[in-house]
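Structures given as structure tokens follow.
Two complexes, one shared chain (subunit A), two partners (subunit B, subunit C).
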Partner chain A sequence: MEKNMLKDENDRVDGFLKVTGKAKYFAEYDLPGLTYGVLVTSTITKGKITTLETKAAEKAPGVVAVISHLNKPPAAAYEQEGGPQMKIFYTDKIFYNGQPIAIVVANTFERATYAASLVKATYAKETFNTDFEKALKDPKAKKLQGQADYKRGEENAYKTAEVKLEERYFLPIETHNPMELHGIIADWRPNNQLTVYAKTQGVKATQGTIANVFKIPMENIQVNSEFVGGGFGMALRTWPLEIATIMASKHIGKPVKLVVTRMQMFTMVGNRPAAIQTIGLGANKDGKLTGITHRAYGETSAYENFTEGVVNMAKFMYQCDNVNTSYVIVPVDLGVPIWMRGPGEATGAFALESAIDEMAHALDMDPLEFRIKNDPETDQQKNKPFSSKNIKEAYKMGAEKIGWRNRKNKPGSIVEGPWQTGYGVSVGVFNANRGKASVKGILKADGSLLLQSATSDIGPGTGTGMTLIASKLMGIPVDKITFELGDSSLPPAPSQGGSATLSTVGSAVNDVCVALKSTIAELAANSNMDATSNFVDVLKKNNLPQIEITKESQGGKERDNYSMYSFSIHFVQVKVNNLTGVVKISKIVSVGDSGTIVSPKTARSQMVGGAVGGIGMALTEESIIDHRYGRYINNNFADYHVPVNADVPEIDVNFINKPDPYINPMGAKGMGEIALIGFSAAVANAVFNATGKRIRTLPITPDKILA
Partner chain B sequence: MKSSEQKPNQGDSRRDFLKKTSVITAIALTPGTAIKAAENNADERFAELFEKIPLKLTVNNKTYQTTVEPRVTLLDYLREELHLTGTKKGCDHGQCGACTVHVDGQRVNACLSLAVMNEGKKITTIEGLANGDTLHPMQAAFIKHDGFQCGYCTPGQIMSAVACVREGHANSRAEISEYMSGNICRCGAYPNIVDAIIEVKEGGETV
Partner chain C sequence: MINFQYLRTTTAKSAIALLGKDKNAKFLAGGTNLIDLMKRGVTAPEKLIDINHVPLKQIRQIGNKIHIGALASNTAVADHPLIKEKLPLLSRALQAGASAQLRNVATVGGNMMQRTRCGYFYDIEMPCNKRQPGTGCGAMEGFNRMHAIFGTSEKCIAVHPSDMCVALIALDAEVILANAKGERKLSFKDFHRLAGDTPQLDNNLKADEMIIGLEIPTNNLAKNYHYLKVRDRASYAFALVSVAAAFEIVNNKITDVRLAMGGVAHKPWRLTASEIFLKGKEASLTNFEQAAQLAMKDAKSFGGNDFKLKLAPNTIIEALNLAKSKA
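Then we have the complex of A and B:
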């Protein structure tokens, strides 16, 4: 990555490329002989393709090929029995509306688009159901256990508590919708050599999936993905449309580019599944929790199961001797979901953190006080101490900044004309992960350091964070350090997901830098130089143009002894118009308790972005299906409302910024997920405080306020 | 296909266009001829002669004289023909602003404009904003205030931000937010984008 104009060492290392339009995303590589693919998708929701008429398309100007289950280009794994049900172009079965059934390849995008409109399919339709609530109520509909039931102490203890509540919460389908459309460029060359330009959160994962499907060696496959225009989870797997494009390239012997439409982003690249949750809470009159029951039902697809951590938080977030959880998944005839930022924990936190607020209200307690009163000293689920947890300090810091003292415990107390003001708080928590990664470091006699790892940057600023870690350890200015990523030929690293990249890859950067320093110290000693000599002098004295070290890094036994989580507190002030039902978020304070902050500028942006995602979850986002046809009806940015600039106030981001002593050498815990987890509950709680109306169905739209 | 290599059409494009349209009409009335042309694999020559329309436009101070199918959007023309990929496709429906460019000084969604509608017009894309290696003040301010994460909406945001200041719509946070609401940022960098625009506006430099 090229650097230029860095005025501040905390600026993004790829900022120059991004503001000049020079950053190249997958669809922007121009290969000789490039062709364009356009997908034909099913117009029914369930059944079988009976005929597929492709002749007209094949004859259309510029068309190279039409590929479908009729010509099955070789994909070795799909030729075998078993494996996934959705083997693209190896099945005539339709599992959801909008499923890719053919790819038309032509020499221009316009010609491929036109020709795709000429492909006609007929189907044998079967009855289907895309309505999750209907499936849940239907005793004959399939239900599967999504996670083992959990029980600590007495089951359903809340039922016999002095003060109790039991409430039901609904979350609709949300769609990731990164700004960059999904797709791939595939270039299959003779001797089974394949290069792809992908939109992926994991180049090694993409490489592995392709190797498995086509049964070719990993080393034959080169995956490039230097810049990714957002993912939020949807690029954590290689989707059938990518396999389809690779098949097409193999079939025609030319590179093929596929970029899906915004409408297709709703159907074939996952979503945050709908969920129905019931929370039972019991407390004594002094405000101590005596029972928590969290039961969740999550949507999944009929052809593949999907699960996430919806009920995780209830097991450890509050001190309570009696806790039980269950999580059941319910298949419907839609495309399979995939983790969306904050994943299941964000779904769960909406319900749990709303219920906690409801219980505080029932007890006539300040919800912040209620949380502090039930804050656990140790993790009761794992029976271990927390590796670090500064949540009380975070509560205090955030309360001060939002002006919590101005909040009235009685809802609807602050009124000015039609506007009612309210304050809300909630907690977010996510597992502080650390995986295994390798980094290569090349220290050069020209004073520069090159670091390489097959990790990704979907936006958080991976390169910037890694550069800052290395700069601090090596004493090399950031403009002399280059961090290369998004290339499957580099030393392996896991996919960018679960807020683990900085912890995982950063540790390997740390280890490489430590090893480079000790090698330099050895060389200095051997050549009778001072131990503190500059590495440039040491390399020159030893006639070495460079030294190169690769280190694999992973955690040790610390996880056996400690429970490791990142925490966040979200405070919001809302103004609700009691005539129009409009909710305006007027102030946001987010506090992150995620260990050391390695890269302050990008970390702040992560928290800001999480809050903005949270505003969407709370107030506007909902993918709506017409269940008569099984089709999304708001599958575009005009009808699916993500927050825009005018929806977002100034966001006050704060960090505790204290190192976690155990997790990794930096003491840094992940923060991409906690930036969003819990936020929607803070909004719902603020709306309740403003109006006295408790909205348990997201998003909180004006009709629900006025109802 | 390579635009600047096309022979000049001697400013006769309108008459040329009408002449060709009448030939297309004639062929449309004789389907047999058209089908035969396709079967003879004459697609390319047919398209070049009859489907494409002459176009002269200026992009980032460089004039292109070319022919283009009338269904090609300005966005796809910039990205696929001129390889100016700084302008992004986010929705192709004018709903997200990722493709914002300046056409004769006005901010326009390039996906909602057909290339042929831009005859004789001056287009500026993100690639034409900096002065050589010197960033435009808005580009520098976006870096300083971290007005992006993934960077995909950024060129459109910056083109819109420059226009927002030039239009005189950058007088308060609220006004900036309103006039920047046609540019979606899914990473949620909005407050930082507003900070960047305020800095440029208050810096008083000509934008």
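Then we have the complex of A and C:
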């Protein structure tokens, strides 16, 4: 009884499993004969391994094998020329400090850990640089174009504007740090049959990468990843450590489990790259933007390039005839970065949305009014109308809720003892994507519906969203619907990234449901039943235990005709202590404009999680490297500060909840990224409003307030 | 495997006997620091003497002293009615430390003995004079944002990370230590050391000694007090700077005052000159500001921690203000 009273049809379908510990994550699987892998990592930053002493480790109790470039276990693609530079165990080159150089496999984790400490490498060291800012200043250091330069109208028009500004913004490296550590279990069987339990945002992508490296057919590889304990982008690729574990399993003929340490989470599974950006803004005295220049420099690795959409937003977010952008990546001797929630757009929005606030201040205008004044009717970059955009309504809704009328345009106006109060606003925007996915639907005579797709759920509640879409269309209660995912043998779907899953897979669910309904209607008609007959009766009448339909679904021409984006507005109120430099976020109001809200509870969770990630980006998170050694200093949860409950005030989440008429059958746009994009600027803007201090380097720690 | 002996005992006497003079033996209390250090390869004791079952958990008042056993948990002390009533400064300082889960197992003795959180100390691939004398100080010209501004040495600029100890030094606590021959008392201010030429030594506990407990004199400081911890996030972070402030006001004059700082030195840092200045004066902002200035004499920063030269006096002022407004 009690359980039912608490139940709500919008609940997470896997919520009960998760809170009772019944949801099984990759590392929790146990296989017969399972062995344990532990990685040995480089202690220099650049150079070559000259010797690798593995004998002591091999002789240590319980050790099954030590695998390194010395015994190169077979990986067909790595045996060929070309391909990636960092082919694990196929190179003696060191590209960064903490790079895996060997894997020790033993019959217990503790024994593997100990034996790994016995592997000793000597190196031929080379000079290196891990300092991105230094590389940027060094005319001899390599720089690469990250994205084609963009120009609309006049270049650098801001320089001749009536009111102009040019400012520089710095973002340090951030590390995803989901609670769940990365790793994999690999079980290579005779005849090249491989099963893996992975932590991945895309079971099909993992399957494809493995097939490519080992040159075995996709069908031979089974990837399981039913539950993922947070990804934030770091599980969007198959990392060398995963290849190493598969190599090890193949080599020893036994299943191998590898789970990295928290420290290794800083060096093996990517990070949000550091960025330096300059924004030039020009406006006329009436507050109309006349020029936007956004130049960004992003950190990348020396062995692999990484780019993201840092300068995208500047091209269309505001009405402005003269816009130019450039994006350059600068290699340093660190591990390669990867998208982190909001990815480059979050980096870019910090700079652009701070600069917009600075311009409003220069014009002595309310920053909200300034944004509204420069809000474009159409997308000037693509020269297309927006498919849907309700930003003005969102501004109004958020302003009302945060109490924007209490804000004073003059910074430092609201003071109580040492505490100064300020308000800030910013916008987030991200491509509203829709890809291609397949879903199988099995409608059964027992009244249930089973849906299957090889998509993932890294936390947003994919199964819940899909179930609600199907429930609404089919009129079947949610507890009669099961959505299966995280299994590479299911109908294909893309990786969970870029806020596209609900739109992409949800559309396929929609199409399957529509097809199932019309099949039932046909069957009903053929058996002289009423068109509104219950599907159970129709199936029974036709002596069918079930019907099964698979549909592939993707968008059509609508993308050629419309510009599609999801939007978010973040309002924050902060209190800043002018003696101690402490910044407290006292109120958050987020407004999402992302089409129809299909799953209200999980949608709210997305916005809450995004705001918490945003607090981290704004106030606490920074991965610190000692550039003399190329090693991370704060690579643990005590010193790398993700926000804790005490940093997070009540978050008031609101949605416009109006369908986008073009994007997909549900009218729903993604929202994983917009929940975070722009948030950090709202905080910086609020800090400015509170104190008159403009902080352009994140995170905003007490020392920066006191400086 | 790195093997070690695990021994469990139920009396202080046998614990001390097991310890002997064995440099490679260590007491295991809550384990929240020691186990981490073992995992990181910073320390590898051959003998672990589990003292969790030694009955040293009492918290009680005898005469005008409050006695706290070395194995009382941080939570037990912070939540104890006697401590909350008579030594609320200590309670507040404890609550500002670590997380609830850690405080539940961390002990008084372990808290005093916890090692610095300097990142170079924890990474065995980096130089560190405290971990390995003679290898150099990684922090001196490296990342030293969290590091000391008072009493630093050429060899080490680490800080003692405890919050509890800042309150204890302010409250004139005494430490009860014992070895096989008997007990001795040490003033809390003499328990921890400056780094000097021996950064590997954090304190004056001898190799054959065990911490038995604390004695803290009762006082009239339970009304105007505050423990202010400035940190990078609102909870579960070590102090950039923390201040324990308490005073007694009679007829508008400060009659007794205690001031100590954390996050600024190799040991909890008592602000004696500021206390002397404030005694007999009015609890006014001007006086607080002057006291804060006095506290900063001889402060020295190392780049990353330059901001502490401003943050430290500001935090003193704010802590004193908050202590005053408690009335």
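Rule of thumb we're sticking to: the second predicted complex is superposed on the first by the 701 of 707 C-alpha atoms of A that agree within 3 Å, B and C clash if a C-alpha of one lies under 4 Å from a C-alpha of the other, contacts with A are read in each partner's own complex, and residues count from 1 in each chain.
By definition in this document, contacts are C-beta pairs under 8 Å (C-beta built on N, C-alpha and C of every residue); 3 or more make two chains touch, one makes a residue touch a chain.
These numbers come from a predicted model, not from an experiment.
In the superposed model, A:A638 lies in contact with both subunit B and subunit C.
Look at A:S489: by the touch rule set out above, it reaches neither subunit B nor subunit C.
When the two complexes are superposed, the chain touching more residues of subunit A, out of subunit B and subunit C, is B. Of the two partner chains placed by superposition, A:Q80 touches none, neither subunit B nor subunit C.
By the document's definition of touching, of the two partners only subunit B reaches A:P460; subunit C does not. By the document's definition of touching, neither partner reaches A:T122: not subunit B, not subunit C.
Within the superposed three-chain model, A:N409 lies out of touch with both subunit B and subunit C [touch as defined at top].
Residue contacts after overlaying the shared chain place A:T43 against subunit C, while subunit B stays out of touching range. Judged by the touch definition given at the top, the superposed model places A:A611 against subunit B, while subunit C stays out of reach. Shared-chain residue A:G581: touches subunit C; no touch with subunit B. Shared contact residues on subunit A (touching subunit B in one structure, subunit C in the other): 60-61, 110, 114, 636, 638, 643-646.
Of all the residues in subunit B, the ones that touch subunit A in their complex are 38-39, 43-44, 46-47, 69, 71-72, 76, 79-80, 83-93, 95-96, 98, 125-127, 129-130, 133, 135, 139-140, 142-144, 146, 148-155, 158, 173-174, 176-178, 180-194. Across the complex, subunit A meets subunit C through its residues 43, 60-61, 110-111, 114, 117, 417-418, 577, 579-582, 584, 619-620, 624, 626, 628-629, 631, 633-634, 636, 638-639, 641, 643-647, 701-703, 706-707. Interface of subunit C with subunit A (complex): residues 1-2, 41, 117, 119-120, 122-123, 125-126, 138, 141-143, 145, 228, 230, 232-238, 240, 307, 310-311, 314-315, 317-318, 321. Residues of subunit A touching subunit B in their complex: 4-5, 7-8, 11-12, 14-25, 27-28, 30, 59-62, 108-110, 114, 177-181, 227-230, 232, 259, 261-262, 458-461, 601-602, 604-606, 608-613, 636-638, 642-646, 648-651.
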